[in-house]
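What follows is chain A paired twice: with chain B in the first complex and chain C in the second.
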Partner chain A sequence: MKELKEILQECKELSFDLNFTRAKNWKEEKEGRVLVGYMPIYFPREIIHAAGAMPVGIFGGGDIKQIIKGDAYYQSYICHIPRSIMEIALDKHLDHIDGFIFPSICDVIRNLSGIFKQQKIGKFVKYMDFPQNFLPEIGGVFYQQEMQHVLKYIKELNGVEVTIEALNHSIELYNRNRQLIDFIYRIRQDYPWRLSIEEVYCVVRAGTVIPVEEHNAILEQVCEHIKEDIGVPQDKIKVVISGAFCEQPALGLIRAIEEAGCYVVDDDYMLGSRMILGDVDATTDHPLESIAISYIKQSQYSSSIYDVHNPKENRLAKIVKDRGADGVIFAAASFCDPSLLDAPIFQNAFDKMGIRYISFQFSENINQYKVIKEQVGTFSDSIKLWENEEVVSI
Partner chain B sequence: MSKEAQKEKSMILQKEMIEGLFSDLANAKELGKKVCYTFIPGNLSELIRTFDMLPVYPEINALQSAMRKKSAAYIKEAERNAHSEDVCTYVKCDVGMMMKGNIGPTGQKIPEPDVLLLSYTGCFTFLKWFETLKREYPNAKVIMVHTPYQENAEMTPEMTQYMVKQFKEEVIPQMEEVTGIKYDEAKLKRHLELSAKAEDLINEIFQTTKHKPSPIDAYFAGVYYIGPINIGFRGTQEAVDYYQELLKEIHIRIEQGLGPITPEGEMKEEKYRLVVEGPPNWTSFREFWKIFYDMGAVIVASSYTKVGGVYDLGWRHDPERPLEALAEYCMNCYTNMNIPQRIDLLKKCITEYDADGYVTNSIKSCNSFSAGQLGMMREIEDSLEVPVGFIESDLVDPRYFSYSNIKNRLESYFQMLEQRKKMEKEMETA
Partner chain C sequence: MTDSIYTMGIDVGGSYVKVVLMSYDNINEDHKLLDKQTEKIRKRDPKDVASETIAEVLKRNNLNLKKDIAYLASTGEGEMVEKKTGHFYSMTTHARGGKFFTPDAKTVVDMGGLYVRAIKIDHRGKVMDYKMTGQCASGSGQFIENISRYLGLAIEEVGPMSLKADNPEVPSGICAVLAETDVINLVSKGLSTPNIVKGINLSIAARVVKLLGSLKAESPIALVGGMGMNIGMLQAIEELSKEKKKEDLVFTSHPDAIYSGAIGAALWGGFRYYKLKEKEAAVVA
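After this line comes the complex of A and B, so read on.
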């Protein structure tokens, strides 16, 4: 077993490798291999894996990539991630990726799929229209048809006809992946000092750019390490982060929140890797149906899923309670419609429920965190020092 | 004299129709009518009428508030209640209006919804908007229709079937439950027949801008022309009568060689023919329009007039396939088309309407339109070699309408068009 420090360093390098070197090497190891890029939030990677291809998460350029060409495609009042994705595409970082999937998150990512089509980037571009109808016989069927389209695109490139066995095997691998990530979060709920949120983030994000078998091996080792009583507890409150599910905050910002006095015991940073709660049935003769049903019935709440029959504020409140969190930090990417439009819903409900929160906006490329750090620090202090006082939201 | 009387008739007709709707809404309870909030893109007017419900369009209320200079106060009210400065101002204006008593554009109170019909077409924010409204109106029945996006520039049979299944198994049974009225397909078909007639007429009306001079402005006046077909009258004889009358008036203008009517009278000289992409600004609508007509610029086609349905590519409601027709209608609205489709449609307009230029009015708070507009503009400029202009404003937030910035940009743009015209003339002469 590798040292934890070594594993974490590897994960960090993988997470922010805008050349997607591991994926590129995987493709070159064998002729006919296909890479399929996908944007946030969630995509059922199982089906790409079962088709003999490798899914590659594309989460923007963060604070690593300077934006020059991308700004020519997006107005100043549009969030940062589409311009950084355009930048890395135009700078040929994505040249070895064969096809691109744009899950339905918002109008910006949807229209970015059109720009990819117009620019003829990749051998296929698929806007994945996730169902907003949650009846298995209606939305579930439509979702299966959407997955079939993706499989057809991949088959055109590698000739692989997906079998039931292959799909069930892939489902098993991703079930294991989610179980291991869940284990890490459960450990952190009680012992957040064993692995910082920055480290958790890198460990999870690394899994989006390497084969799932390799990621599972990494996760197994991380889980073994954090079963041990490592690290030193600090006097920090526990918080849940919500709203940063698409454009990702820079690693420095993720670190700054914890440094400022908040153990992050749950978050939606890499929501796609944790979207399905529990296992997907890997034993049926209809694995695509299993995947569809799991999305419809076992999804985490998301700002991109219509929720009136299962209100998101109640679901987030339950996470806060289950994790034993002291409050919530709403961190929305600037100009992120889904996150910002949800803010009043959450905040009005939390005012009534007495759940403490603060909110701020970020952009993937900001690297000055002083103001946010002060805000988070004050939030932490206010809870630590006046825990029993009447709740006043900041 | 007769010309003015004819012109007024269509306007009077429209005014009467809209006043009648708001009056009915104010008296919905007394009339025993259920109230259905819904949106313009993908509006299921015929189905709403089949169940005798009265429609309310929150985005129409928002733009009307803006034109009446009330939107700023409504937006502030919403922002005081945790709504971000950076999101759709239609949503904030609507929420603010609701918080201040929900008084509609005619000064009458708009009743609370019995149904929130979300035919989620081409705009993700609609979904968030009704999630917000559901929290405010907990007793309203939310009926969600997911309209698949034309991501591959097509409406496939499986997309249509997905929608038809939603109509059959979710939308119609819930509408029956709320209204107590049994679904009557024959009635729906009758509405659809009238819809197709109105669609033929409005298509013909927007085709008249091919004349030189163009008898109408297809953007600034166009937003009035699309009123009846978009706000609940599609599928009625009233709408057919209105469009017949309007077309008659336009034909008279064509016969007389007249240009568009502006708020300051008839436009004397048509100097530039433009195609515009993006919604207009509503808070300073008149000033915005004036910049164009003062320069002799007439809009011969616009994408905004297609948000409630694209009729110029031949699609019509087919009464013989009623639910399929409703599904296709929803999928065929402008913002539900992918970016290459939008580019093709705009290029077709520029070519067929013999436009001199292409202008994008980029709306700060409407990502459905705005995200991708710069790429579209570049593609249009490169492939057609047409001069392109770019301005920025907002829908209903007056803080984002900068008159002098927009005027400066447009003046420079018109100078460029002028230069180009001169050069073309010189080359022809040479």
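After this line comes the complex of A and C, so read on.
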């Protein structure tokens, strides 16, 4: 087994490799292999895997890619991630990726899919609608048709007809992937000092750019390491981060929040990798239906899901309670409509429930965190020192 | 009856690392500053300076970090302190440090190396409101340090030198770079060192008085941080307050004002130590 430090360093390098080298090498290892890029938040990677292709997560350029050309495509009041995705596409970082899937999040991502089509980036571009009707016979059937559509695109490239056995096998692999990630979060709930949130982030994000089999092997090793009593506990509050599900904060910001006096015991940074709660049925003759049902019945709350019968504020409150968190930090990307429109819903509900929170906005490329650290530090101190009093907003 | 523990506070600033050892008395609240040490970071790794300074204070007092110190609290750039028990934000600690020096303080002015911050506190030292200067270095301790170097003064001499001024001239520049050029001009004009130093203290004091006005500060006002030890600054602030018809404002300073962050951290560390113990006891019960 590798040393934890070594594994973490590898994961960090994989996570921020804008050339997607491991995916590129995987494609070159065998003729006819296909890479399919997908944007946040969630996409059922199982179906790409079953079709003999490899899903590649594209989460923007972060603070390592300077935006020059990307700005020309978007107005100043639009978030940052589509600009950096355009920049990395125009700089040919995505040239070896065959097709692109844009899951429905917001109008900006829809427009980005249009720009990809217009610029002829990739061999196919699919804007994927997810159901907002949560009846299996309506939303579930629609969702299966959307997945079939993606499989048709991949078949046109590699000629692979997806079988039930292949789909069930892929579902099993991704079930294992989710179980292992869940194990890491469960350990962190009680022993957050064993692995920092920055390290967790890199371990999870690395899995979006390498084959799932390799990621599972990494996760198995990380889990073995953190079963041991490693690290030194510090006196910090526990928080849940919400709102950073699409545009990703820079690693420095993720680190800064914990440095300012918090243990992040849950988050939605790489929400797609943790979207389905529990296992997807891998034993049926209708695996696409299984995947669809899991989305309808077992998905995590998200700003792009409008399930009126299962209010997201109650679901986030439950996460706070289950994780034993002291409060919530709402971290929304600037100009992120889904996140910023959800914030007042959460905050009104939390005022009534007595859940403490703060909120700030970020851009993926900011690397000055002083103000955010001050805000988080004050939040942490007010909970540590004045636990039963209202957080003073200063 | 006393219930006293040892706590340590470490304040890692932009220029200096400040470490204090305190005894924290949970029953009588008779907390004592037992030892203190300041180290200039210069071009060294702040992590090394932090751990070495802590080790020196412990050695001098024949104490062991693990066995004897109930809580090692960091403030400032806390990530530079590897063996800390917990971290507190600098405004929280300076507010508490100000209350340690002036127990009835209602406002604390933290005058550090990089900025000035006026903080309103309640009777427990809890931060209620604050105002701070912008990014401009001309309102900061670093500026005074640069000027004292140009004038060939030790930083400790700046305050007493300022008191000797009879006809100070305030540099005109808002920007530190321009102000520094101004000072060079004042030297070449033959202005005496006390008058130059007093002029600089007055220019920073003007910013402090403005901050206090916008905060609607109440007395007593404790001046803390590195510049809080500068008695010339205290005099300049008092003079300008009178000019602004705010004679009722009462200011205090302390020779250990540079340790306010570290002291505040150590005190909150002690407070937190007992709070965590209470929680543990409640869980057991």
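Methods note: the second predicted complex is superposed on the first by the 389 of 394 C-alpha atoms of A that agree within 3 Å, B and C clash if a C-alpha of one lies under 4 Å from a C-alpha of the other, contacts with A are read in each partner's own complex, and residues count from 1 in each chain.
Heads up, the rule we're going with is that a contact is a pair of C-beta atoms (placed from the backbone, for glycine too) under 8 Å apart; a residue touches a chain by one contact, two chains touch by 3 or more.
Here the structure is a predicted model, which means the values were calculated and not measured.
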- Task: Would you check which partner chain A:386 touches, where first means chain B only, second means chain C only, and both and neither mean what they say?
- Result: second
- Return the chain, chain B or chain C, that is in touch with more residues of chain A. B
- Regarding the shared-chain residue A:259, is it in contact with chain B (first), chain C (second), both, or neither? second
- Message: Looking at A:214 after the superposition, I want to know if it touches chain B, chain C, both of them or none. Which is it: first, second, both, neither?
- Response: neither
- Message: For A:172 in the superposed arrangement: first (chain B), second (chain C), both or neither?
- Response: neither
- Query: Between chain B (first) and chain C (second), which does A:281 come into contact with in this model arrangement: first, second, both, or neither?
  - Reply: neither
- Query: Where does A:374 make contact in the superposed view: on chain B (first), on chain C (second), on both, or on neither?
  - Reply: second
- Query: Can A:236 be said to touch chain B (first), chain C (second), both, or neither?
  - Reply: second
- Message: Identify the residues of chain A that lie in both the chain B contact region and the chain C contact region.
- Response: none
- Query: Of all residues in chain B, which touch chain A in the complex?
  - Reply: 78, 81-84, 86-88, 91, 118, 120, 123-125, 127-132, 134-135, 142, 144, 146, 148-149, 151, 158, 162, 165-166, 169-170, 338-340, 342-343, 362, 364-365, 367-368, 370-376, 378-379, 392
- Task: Can you check the complex and tell me which residues of chain C touch chain A?
- Result: 71, 78-79, 83-92, 126-130, 268, 271-272, 275-276
- What residues on chain A touch chain B, complex-wise? 72-75, 77-78, 82, 104-108, 110-115, 117-119, 126-127, 129, 131-133, 135, 137-139, 141-142, 145, 303-304, 306-308, 332, 334-335, 337-338, 340-345, 347-349
- Item | Residues of chain A defined as touching chain C within the complex | 232, 234-236, 259-261, 374, 377-378, 380-381, 384-387, 392, 394
